[in-house]
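What follows is chain A paired twice: with chain B in the first complex and chain C in the second.
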Partner chain A sequence: MRNAYMTDELEAIYEQTVDFVAKEVTPHGDAWEEAGKVPREVLQQMGELGMFGLRVPKEHGGLGLGMLASATFSEALGASTFAGFDVTVLVHTDMAGPHLINSGNDAQLAEWVPKMLAGEAIFSIGVSEPDAGSDVAGMRTAAVKDGDGWRINGRKIYITNAVYGDLTIVAARTDLENKYGITMFLVPAGTEGFSVANKLDKHGWRCSDTAELILDDVWVSDEQVLGTVHRGFYETMKNFQNERMVLVGMGIGAAQAAIDMTNAYTQERKAFGGHLFDLGAIRQRMAMNQAKVDAVRASMYHAAWMHDAGQDNVKAMSGVKAWGCEVVNQVMYDCVQFHGGMGYMRESAIERMYRDARILPIGGGATEVMLEEVAKRSYA
Partner chain B sequence: MKILCCVKRVPAPGAKINVTADGQDVDAAHLGFTMSPHEECAVEGAVQLIEEHGGEVTVLTLGTGDAEEQLRYAVSVGATHGVLVEADTIQWDPQRTAQAITAAVQELEGDEPFDLIMFGNESADAGGFQVGIRIAMALGRPIVQGIKGVEIGDDTIIARREIDGGFEVYELPSPAVLGIKEGLNLPRYPTMKGRLASKKVELNSITASAAEGGQVRVKLHRPEETVSETVILGMGAEAAAAVVDVLDELGVL
Partner chain C sequence: MKVVVCVKQIPDPADPGALDPESKTLVRDAKLILDESDSYGVEMALQLVDAAGEGEVHLVSMAPNNETAGLRTALAMGAASATLISDEALKGSDALGTAKVLAAAIARQEPDLVLAATESSDGYTGTVPEQVAALMDLPSVTFAKSVAVDGGAAKVQRQTEAGYDEVECPLPALVSVTAGVVEPRYPSFKGIMAAKSKPVDELDLGGLGIDAGSVGWAGAGQEIVSIADAPAREAGEVIEDEGDAYERIVSFLDDLKVL
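Here is the complex of A and B:
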């Protein structure tokens, strides 16, 4: 057993995912980074193997598992070392998908869940805007009632999976009197007025497609409202802890891979009459990195377990997100350092992993926002 | 129909193999394990046969409790049952291994023999090419090695062996034994549900018993790593002249 929270089911998820990424992702990832895209075929293959249904209730064709399953899945994806791939999958399964599962009505679930499970439709979540990232209250995209539907105008930015994806869950302000009066809409790609303004050019996560979206007089029907009108902000919040956690999970999976490859490299690399790993400065720093990663991993699984046990885990998960993502970056920094000049070369995996890690303390709730979540729950 | 696949737990390909200090075994401390690729194809072939004709696939391995991992993997891709023939180590000599598995097969069969027993053509680690043949002989059943195609006929097994420019086709009376080669098929991935099911399946356990066969390992030796150098002669058409020079130097022009 990998840790105290593991069950046979979770072990199976870990093995399945690690095996899959080792065979089908890592050998091809460099080409995907170059292309700026994860091929749809590999996502459909994952769909066929049932890898998108961990959190989908059994009655809708999934496995109906809890947050520990997402922790396990995300950590195992991280072993791919291609975080752009990991986030493509996790936005679909753990950031956008859950909103449909949590708030969708019968007709919406019947239409979209089978496509989501099969990887026929890839999902994205459209919340962030140029003036509204972690602070959702600054959202300017607005929807006004228009006949049997709504007319949406605005812009969205940094939307993962929205260049090549099929369905964006768009958040728009519907109650101008209330800063939290937001409604979620299901907006399929190709809807008139809904377009990609830019495919964004990023520091890392190069194989993940990221869009700036324009909603120009987009009309959607009442049937495309996801959940309750004006209640979208609160409904979105239901998935915040999961979204935060899977970013930590994929980061920890990658950090462990980075430690393993750096230990192997420094144990092979000859210098000063021995191997690099024989130097106390290196072996002790790597040992400390391992200890930190172990601690973050344990904290993450514990916070996931709290959720599955019905406990409030906002403080715990926010802390894990803040600290864990910083740790992943510290580990990547050291791993580049101990790869020497090779670590600075674009051909080395560690150079890419270092770039990929940088977004983790920014996306899905910046470290500073996460620490506030902890701090405001820390008054005696 | 009833099919038995015999598989072996071997170090995952591509791993750096170290030898224990006494030279008697592979140092497994940092190794991942898998089943031999030939056997992965055998399991896939067996599962395809029962999907088409109905029946059950039993997967058997001889080894320590660690080898349950390979049995459960086989179940995750569609095998029905798993049997561990428990031994103190996986590295029994081929004669002893064959004796123990033969006894286990006889115990499993009772009066109802497996219609088909499949082995990998050879194991991916020791490469002895012996166990399947010894068991077929002990059971008095026909065996063909090097098989890359299997079909079920009327009370017969039709097996195809690849040769230069074509296939040899064999028709064997059932029950029969086949040594399967990689390339028979493209083994499927387990589905997530298959993986979950494999964790819950109850494995059968039989204690291995057989006398040592007489083949004694003297010592394992890890050859020195050979260092090779790659020279990039150029990119695209510009490299053509340099390539011609190299071919000329080698005297192949």
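Here is the complex of A and C:
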């Protein structure tokens, strides 16, 4: 058993996912990075295998599992070493999908869940804006009532899966009196006035598509309101811990792969009459990296378990997000270092993994924001 | 139609463990996994049942420590149920001992067709399926690359060095399947969840009505006299091309009598 929180089924899900990415993702990843796109075929194949349904309740065709399943799945995806692929999947299943699952009414669930499960429709979540990132209260995109629907105007930026995806869950201000008076809307790609202004060119996650979006007088019907009017921010908060966790999970999966790769490389690479790994400075640092990754992994599963056991895990998971994503970057830094010049070459996997890791302490709640969440809950 | 597939659960080849110098056998205390060789038989059986439009796939495995991890993988792929035979007295079983146990377990299922791999990935004597067939008095077809069931007969394409033979035999029969001839499906996540509640009938020798003296170390016709490390690979010969490399390679291969 990989850890105390595992069940036989989660273990099998982990192994199955690792096996799947090793065969269907890693061999093609370089081409996808080049193309800036994860092919829809592989997402549909995952859909057919039920890989998008871990968190979807059984009555809607999923497996109805909890946060531990997302921890397991995200860590296993990380083994692909292509974080751009991992995040494409996890935004769909664990960052956008849950909003629909948590707040969708029967008609919305009936319309979108089967397509989500099958990978026929890929989801994105549009919160961030040019002037509102960490501080969501700065949101300018606004929706005003118009007949039996709403008219939305504004811009969204850094939206994963929104270039090639099919449905964006858009946050827009609806109550001008209240800074958190936000409503979520289901906005399908192709809606009139809703367009991709820019496919963004990124440092890492290159096979993941990231959009700058324009909403220019976009009209949506009342049926496209997700959840309660003005309550969107609070409803979205329900999924924050899960969102943070899967970023750590994919990071830890990748960090473990990087450690394994680097240990193998330094054990092969001859220098000073032995191998690089024989040097105390290297073996000790890699051993410490392993210990740190083990610690982050353990605390991540623990924070997931707290949620599944009905406990409040905001402080725990925020700490895991802050510390875990920093650890992943420290590990990647060392792994590049011990690959020497090879680690700086575009052809090496570690060079890509190093770039991919950099976003983790920024996105989904920057380290400093996460630490505030811990600090706020640390008064004696 | 009922198809029984023999599936061996083996140590993970990525982490094969060590030989015990005392018993001179593999230490098998870590989790065992489905032998990849058998994943082809499982896939083929599932396809045959699909094609027949009715029936089910049953698995039979003999393994130490009541191991079911490898069986669960095959159940997650879609097999309906399994029989597992586990008994302390099976320690040291040779291929014939194994075949006796499998034959007894398979017979209880009254299958129309039995599939096995041509050889396992760890032991690879490649003898168990034929011994099972002999013990059960079933026709045995080896090295199948494709199997179809037509009425009461199996139509098998049997791999040969030159191509394949077309063989037909009456059912029930035992067919051993060559690795790589079908693409084993990935278990779906639903399959994985469903596998835990599929029935696995766990039997010991008593339950099968087999005398412990006829299997295990007691019944084995083989003895392991010594174990040694495989010799390290010697450095190869480097032929530098000065325009005649192909001739030198051909004559080198000629000397080895591989041409």
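Keep in mind that, in the parts below, the second predicted complex is superposed on the first by the 380 of 380 C-alpha atoms of A that agree within 3 Å, B and C clash if a C-alpha of one lies under 4 Å from a C-alpha of the other, contacts with A are read in each partner's own complex, and residues count from 1 in each chain.
The rule is simple: a residue touches a chain if its C-beta (ideal position, glycine included) is under 8 Å from a C-beta of that chain, and two chains touch if they have at least 3 such contacts.
These figures come from a predicted structure and were not determined experimentally.
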Review point. When the two structures are laid over each other on chain A, do chain B and chain C clash or fit?
Key: clash
Check your understanding: Which partner, chain B or chain C, is in contact with more residues of chain A?
Key -> B
Practice item. Could you say whether A:N3 touches chain B, chain C, both of them, or neither, answering first, second, both or neither? Key: neither
Exercise for review: Identify the partner contact of A:S348: answer first if only chain B is touched, second if only chain C is, both if each is, neither if none is.
Suggested key: neither
Exercise for review: Answer with first, second, both or neither: which of chain B and chain C does A:Q290 touch in the superposed model?
Suggested key: neither
Practice item. Please work out whether A:N102 is in contact with chain B alone, chain C alone, both, or neither, and reply first, second, both or neither. Key: neither
Revision key, fill the gap. In chain A, both chain B and chain C touch residues 8-9, 12-13, 16, 19-20, 48-51, 53-54, 63
Review point. Where on chain B is chain A touching in the complex?
Key: 76, 189-193, 195-196, 198-200
Review point. Can you list the chain A residues touching chain C in their complex?
Key: 8-9, 12-13, 16, 19-20, 48-51, 53-54, 63
Study note, to complete from the structure: Given the complex, residues on chain A that touch chain B span 8-9, 11-13, 15-16, 19-20, 23, 45, 48-51, 53-54, 63
Check your understanding: What residues on chain C touch chain A, complex-wise?
Key -> 69, 72-73, 76, 186-193, 195-196
